[in-house]
Amino acid sequence: MCGIVGIVSSEPVNQQIYDSLLLLQHRGQDSTGIATSEDNQFHMVKAKGQVREAYRTRDMRQLLGNVGLGHVRYATHGSAGSEEEAQPFYVNAPYGIILVHNGNLTNTRELTAELYNVDRRHLNTHSDTELLLNVLANELQSGISGLSLDADQVFDAVGRLHERVEGSYAAIALIAGHGLLAFRDPFGIRPLVLGRRELPGGSGEEWIVASESLVLESGGYEVVRDVEPGEAVLISPDGWMYSRQCAAEPRLVPCAFEYIYLARPDSVMNGISVYDARLRLGNALAEQIIAEAPTGDIDVVMPIPDSARPSAMQVAQKLGIEYREGFFKNRYVGRTFIMPGQAVRKKTVRQKLNAMSTEFRGKNVLIVDDSIVRGTTSREIVEMARSAGAASVTFASAAPPVLYPHVYGINMPTRRELIAHGRSLDDVAEEIGADRLVYQTVEAMDRAILEGQDRVTELEKSCFTGEYIAGRVDEEYLAWVEATQES
Amino acid sequence: MCGIVGIVSSEPVNQQIYDSLLLLQHRGQDSTGIATSEDNQFHMVKAKGQVREAYRTRDMRQLLGNVGLGHVRYATHGSAGSEEEAQPFYVNAPYGIILVHNGNLTNTRELTAELYNVDRRHLNTHSDTELLLNVLANELQSGISGLSLDADQVFDAVGRLHERVEGSYAAIALIAGHGLLAFRDPFGIRPLVLGRRELPGGSGEEWIVASESLVLESGGYEVVRDVEPGEAVLISPDGWMYSRQCAAEPRLVPCAFEYIYLARPDSVMNGISVYDARLRLGNALAEQIIAEAPTGDIDVVMPIPDSARPSAMQVAQKLGIEYREGFFKNRYVGRTFIMPGQAVRKKTVRQKLNAMSTEFRGKNVLIVDDSIVRGTTSREIVEMARSAGAASVTFASAAPPVLYPHVYGINMPTRRELIAHGRSLDDVAEEIGADRLVYQTVEAMDRAILEGQDRVTELEKSCFTGEYIAGRVDEEYLAWVEATQES
Amino acid sequence: MCGIVGIVSSEPVNQQIYDSLLLLQHRGQDSTGIATSEDNQFHMVKAKGQVREAYRTRDMRQLLGNVGLGHVRYATHGSAGSEEEAQPFYVNAPYGIILVHNGNLTNTRELTAELYNVDRRHLNTHSDTELLLNVLANELQSGISGLSLDADQVFDAVGRLHERVEGSYAAIALIAGHGLLAFRDPFGIRPLVLGRRELPGGSGEEWIVASESLVLESGGYEVVRDVEPGEAVLISPDGWMYSRQCAAEPRLVPCAFEYIYLARPDSVMNGISVYDARLRLGNALAEQIIAEAPTGDIDVVMPIPDSARPSAMQVAQKLGIEYREGFFKNRYVGRTFIMPGQAVRKKTVRQKLNAMSTEFRGKNVLIVDDSIVRGTTSREIVEMARSAGAASVTFASAAPPVLYPHVYGINMPTRRELIAHGRSLDDVAEEIGADRLVYQTVEAMDRAILEGQDRVTELEKSCFTGEYIAGRVDEEYLAWVEATQES
Amino acid sequence: MCGIVGIVSSEPVNQQIYDSLLLLQHRGQDSTGIATSEDNQFHMVKAKGQVREAYRTRDMRQLLGNVGLGHVRYATHGSAGSEEEAQPFYVNAPYGIILVHNGNLTNTRELTAELYNVDRRHLNTHSDTELLLNVLANELQSGISGLSLDADQVFDAVGRLHERVEGSYAAIALIAGHGLLAFRDPFGIRPLVLGRRELPGGSGEEWIVASESLVLESGGYEVVRDVEPGEAVLISPDGWMYSRQCAAEPRLVPCAFEYIYLARPDSVMNGISVYDARLRLGNALAEQIIAEAPTGDIDVVMPIPDSARPSAMQVAQKLGIEYREGFFKNRYVGRTFIMPGQAVRKKTVRQKLNAMSTEFRGKNVLIVDDSIVRGTTSREIVEMARSAGAASVTFASAAPPVLYPHVYGINMPTRRELIAHGRSLDDVAEEIGADRLVYQTVEAMDRAILEGQDRVTELEKSCFTGEYIAGRVDEEYLAWVEATQES
């Protein structure tokens, strides 16, 4: 899970990229990077941590140029500390290309071997972004015939890339002297949206591509449209926009988890408002609760802030039960220092959430969360509610049971760590200590997210169903991924 | 506005102080400092910015010792950049004293002159904390008769300090070799709470004093009690606790603003739950709305997150109108870099809040905020609501009109910057662009906060009434303060 | 002027490269970089300033691997502040190559155009090292036929590089998975020496290439030989050494300035001991002094420390005049800070040298320096001698008059800044304020440096003669270089 | 061993103090600090390492004011890493005082107890400078009678300080609002010199006190005189200079080691030129060599650079043997990094010195060093000479045998580590591997340093004789010091 943004303007883009990354910060807080292009020279700064801490004035002063891109990264298993895997990545031939990427490639083993043996390209990290960049570079190189590079040659290269690469990818690249290229995998699993604004004072116009539409809204851009699955968009340094469908059989299957908890509620993705989807997930969950569990004794409905709030509000409304906010979220999360001779403290949910006893004392509470993955957080939440005086705790998940690994760009544990994997509903309820437990169904989730539009007809929901749409994801692959993660 | 914490333990306190400061981070984000005492040696680290960014592992490793204190600072007008004013402060005679302070002294001009001319003490900054520390040092020095220092001598010194110092102050000090001293001004304007816990494994016990009770709860401490107005508490390095009332006429008059928006809702201050107070402020505000404004056409009630949420929920419930969350708060706030040759961007509320059009389109909305100070934020919020499609906007403030400067430790603008100063209700409504505007009354606020207990009978509410309880705060003083702020 | 080192070992090389760079620090103090290769992964750290300040423990811990290289850089005109031009440079195709370089290319304009237009390689800086690396990369790429890369393919690529590149270059490169490549331009203008040692404890052997032989001696390496002009040496990761002459007509013409002042005296270059060469330059200079100037009244001979010391000692001995050290060199050089509202101080020679009046008072002194370039330092030295009480000052230069720019890797001013350019001997003497002035002759310099061996028969001495051996260096080129420098 | 400087000017002093510290850098490279006084506000920056690396532009910009002082520190045993012991030190009562100190107090145990028990002053470190400052503060405080502080009160306080403090100390202090105070212990063991200059452009005058006179010369100051033993000098912020003898029985006994190797040769201390003293030490050593050792076979005399150069030159001249520089000193010294899993390398003299074989091969060499302390360096030097081909090695020390600890401010090992302690001349020669060994005698050293003037009649030379002039330094004390050092 990452956030990406790219801008082509007629004025410097560094502050605008910085501001955009702040708005995408919820998509990744482990590292961040910005690159800009000034004439034919690239400038790049990468750093660990959040955007606010990462960039100093001297970094920003170095990031000159009217074309640029940025990245926030959620490090996957075991690589949080690796600065070398921070994005963007750069290759200097052909042309000089800088790329950022949101998603996850699944045929990394095959690509690594090909690039090394056939294309003789050096991969200095284990990052699949470096793979993606080198495939792009290689396809651009092999497509050069005459002297100049035109949009069609670039789109042809993206087309060949689609054939070689499997998995999910929304990517933005700078090609030295040729502008900004953005493209999305043929299933459109990860989001990417295109925007445009007139600069204040009539000083020109500016194009933007970003992971989420709220970046556009907040920056005063008009949302032009989502980049299509398989499509590539090329914006020249002087602001000409070209686009082409580069995939043979594109098919829009966006990731359900963006709607469930990943994206900001004020974003619209593939024509579906995230906030509205969460409201509808709440409505559907309410129906499920009515169907499955007696609600007569429930006094209050409570969300786990912040992502479950819209769903919880609808659950309360549908059930006609009072909505209350009993959990307070601590915004400031710190570190645990390793002191010589001192025991290391355990991080707990209590450092992130606090229960207001006024709201719990003596009440039968219905707690709504967006989803249940490992179950450890849910267990601590139930404990907190009981400590705060709850008479009984019903737990409801706005997402269906998570049963399989997510291989398309969300860092999710192996099957044996998933609490719902191989457990009955009652077993899970017992594990988390709840009196009752209600899950959304897969069908209800589908309906809730897709309702009211016809552009998206199916969702990437493999972690609920085990059906993987992109690339070869079979038992051998999952076993390999899990072995890697657990090592 | 600042947050303070002090701990006396039988094991190292650095991580616990760090964790506590994170929980107090909402009280100040401009700078932070930690000091510890290891036998007779002090260790101190101060840095700009938030707790998470401020301390490195090497800093923490240096902060050895079982006694310590910490501070988070909200810089007042014009001093945000001044690292030299970061707390804690240190003097080396008598004994070696390190002090942190939450509050604001009002007779700084007199104290400065006395310390310089009579006590020959050097003040290296304009910080009133340095003044407070030097008065304490001076009174401790002048009270030394025999060889040793006992608790009564310390309490006598705090008594003399109360006579010299005017304004608000909750303070914690380390006295080398003699433990931790905590005291609160004779009006108890700023909060301070005392706690205690058994260490895990029976390895001893630990005392804590902190600005807010949630620090105690979150750390597993038992809340012993609030430090009383005028009282001093001394905890020896080996864990003996002494306390004494040191003021001639103590009188509990806590700051109303702690309940309105400053404190975390999950804190209890002077026996009053902040969360409950905010719920009651909502109830009272609802009554005011019913009395003053026709509510028949209002479709939804919406809070400005996060502090107005409890009040808004009650307003909705009392009015029987649906409660919705239409504003989304962006958690990640960045900087505006000054680039040579580029115009500086204006910071706007839009970088902090976003309006979800689903909730606004075509609706008559009642927006509830905790208070209205300058009015600039309110104006932008109303604009955002209208841009998002609101049919009409009613604005309600859970606090009464702010008419006078706050001189007891909250950074508030001069009178001419206060939107309600010298304006009628209708004028203010027009200024912020609202169709209707409702304020809480002072009497209703008093009742709402004080209801259900009899320990606190009056509140510090000078910014609403112009009546200042502590020290000489007259027109000459206010004019001086305002002149200083505006220079 | 730069210093380079590369090592292939059977144990980690980071500390050894660091130690080697310290020994090459006199060749450049503006920036430094180290890169290592761990299996197929490169690690790289670059920083401004001297080696001692540049590397932190965490940098060194990252520089894993048994193969590596390092660089110290003397920034040329106008680029001191540019971190982006710090070496090493990296390209990821073919194979992944990292390169460091000592020297200066003269056909940069042609190479830049070719790489951009024909090879489609992106150059992100104005560094000629990036050019050199990309030419190497391109020639390696174009030479790949089958699957594997062997030594002959590498040597062929270096051969083609020699044909494309003009100027001076001693270079070391890491080729991912294929070891370390070192090569020297066909004239051997800049130095490069090859060494080898058994590791302590019989744990294997280690190869080293470095700019100067004292790095080898100090590290306990056996000096194998100088890398020949035009030759390339390839050392595989497991320690096999291959070498081949890659130039069509190699011809050893090393830079005279290495012997005059650049190299450390305890180095041996191309079979000539730098220290011995300086002694012989002193002998020859003494003869010149006898021939040109009456020495009967001279009381003492004094060197400008440190590089003129050996020559001065011989001058004293040959003339039979007492040798004294009247100048003391300050080793600690600082910065001049720009303070708002304060005038900037002028840097003077007095901050680097101090004259001991005991040695000057009333004496006729003969001051020996290694060379005279701009003349500003000489003028200040003569003034210092007079202020310290010298009765008369004779100034002697161990090098001939510097009349032309140095285009092969030593940063030297434009013609109009060279004090000897267009001035008679008497004019120069008057300019620097000396009573008498004696220069070495070009012929005597040649004899002195080359004496006692027959391996080197000619020296690169264009700055004395205006005859440039490598590449097209004509009036147009010099005018372009000077225009660039003065802008 | 430390270096100190203080300046009172009519313009900002930060850059001038920085430049002065660079010139004193040879006196200490472990940490450095600068403090300035701007009206009544102090600014202070302290950092580890050398001056050049320690101060950033933002530090310098903070150091405002026309009065200031600076320090470079040579950390004593075991405290190199302690940033908390870096100077200057500050106390805020009375007045606010900042102090720097060169020297070492010997009655630290008594002073610590007194300050704690009687004066109730907190000492936060084990630094004797903090002791000295607190004694000064205490005596200033106890001497205050009326309202104002005048020069006599300050001088009375220094007088009382002289009575309480034992050991060596040259100190400079800023007293807030009252200017700069400099004083020297009653034996004048450590140096301190007073200077003055007119500022360029007639913009006022500037006073300076510094450890060495070259700081004055290099900055264009007129040397007014040495501060006398026991004397105090007070310079008001507006440039008035007051001075008084504050000791009962002052007696000038400067440290012999300043002349032997500590000070820069271009300094004059107590009327004795350091350079001339070293020349005379060489003359005397030559006589000793003639008397003790057959010199007929010696081919060359060689110095260990840099401090032994003047003496060696005179030895050569007196003996009529050729003077050669066979050792080259490496100026760039680095660190040894601790790498996980790698063995730590041993630091050797070879990293600092290199022997030029040209000068050694087949020759009988006489090596002159300034002194022999532990003997480990001498042993490595003799080995290097033999490896470089020396036929025989005679070693001569310009100082007498070091037999006792130095307790007045030079970090010297315990008796058992001193190679000459308890060993005969032959034993020492054998230990260091020399064929012959010659030491200066104590009497000859005395004569050589004191010759040609009558102001200084005796030297502090306890490390040669065991006779300690200042304070109680007996067997109990030495045993305590040694126990502390070895722990």
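Should a chain be cited, it is by its letter among A, B, C and D, assigned in written order, with residues numbered from 1 in that chain.
Keep this in mind: a residue touches a chain if its C-beta (ideal position, glycine included) is under 8 Å from a C-beta of that chain, and two chains touch if they have at least 3 such contacts.
None of these values were measured; they are calculated from a predicted model.
If you walk from chain to touching chain, how few steps can bring you from chain A to chain C?
1
Given the two chain pairs A-B and B-D, which is bridged by the higher number of C-beta pairs in contact?
If we tally the C-beta pairs in contact for A-B and B-D, the bigger total goes to A-B.
From the centre of chain D, which chain's CA centre is farthest?
A
Can you work out the whole-Å distance between the CA centroids of chain A and chain D?
Chain centres of chain A and chain D, defined by C-alpha means, are spaced 62 Å apart.
When the centre of a chain is set as the mean of its C-alpha atoms, what distance in Å lies between chain A and chain B?
Roughly 37 Å separates the two chain centres.
Quick one: report the Å distance separating chain B from chain D, using the average Cα coordinate of each chain.
51
Indicate the residues of chain B shared as contacts by at least two other chains.
none
Make each chain a node and each touching pair an edge, then name the shape: line, ring, star, complete, other.
ring
What pairs of chains are touching here?
Pairwise, the chains that meet the contact rule are A-B, A-C, B-D, C-D.
Would you pull the chain B residues touching chain D in the complex into a rising list?
Those in contact with chain D are residues 40-43, 84, 91-97, 117, 119-125, 134, 137-138, 141, 144, 147, 176.
Would you pull the chain A residues touching chain B in the complex into a rising list?
11-12, 14-15, 18-19, 22-23, 25-26, 49-53, 55, 57, 60-61, 214, 217-218, 264-266, 273, 275-276, 279, 309-310, 313, 317, 322-325, 328, 330-340, 342, 345, 350-351, 354-356, 358
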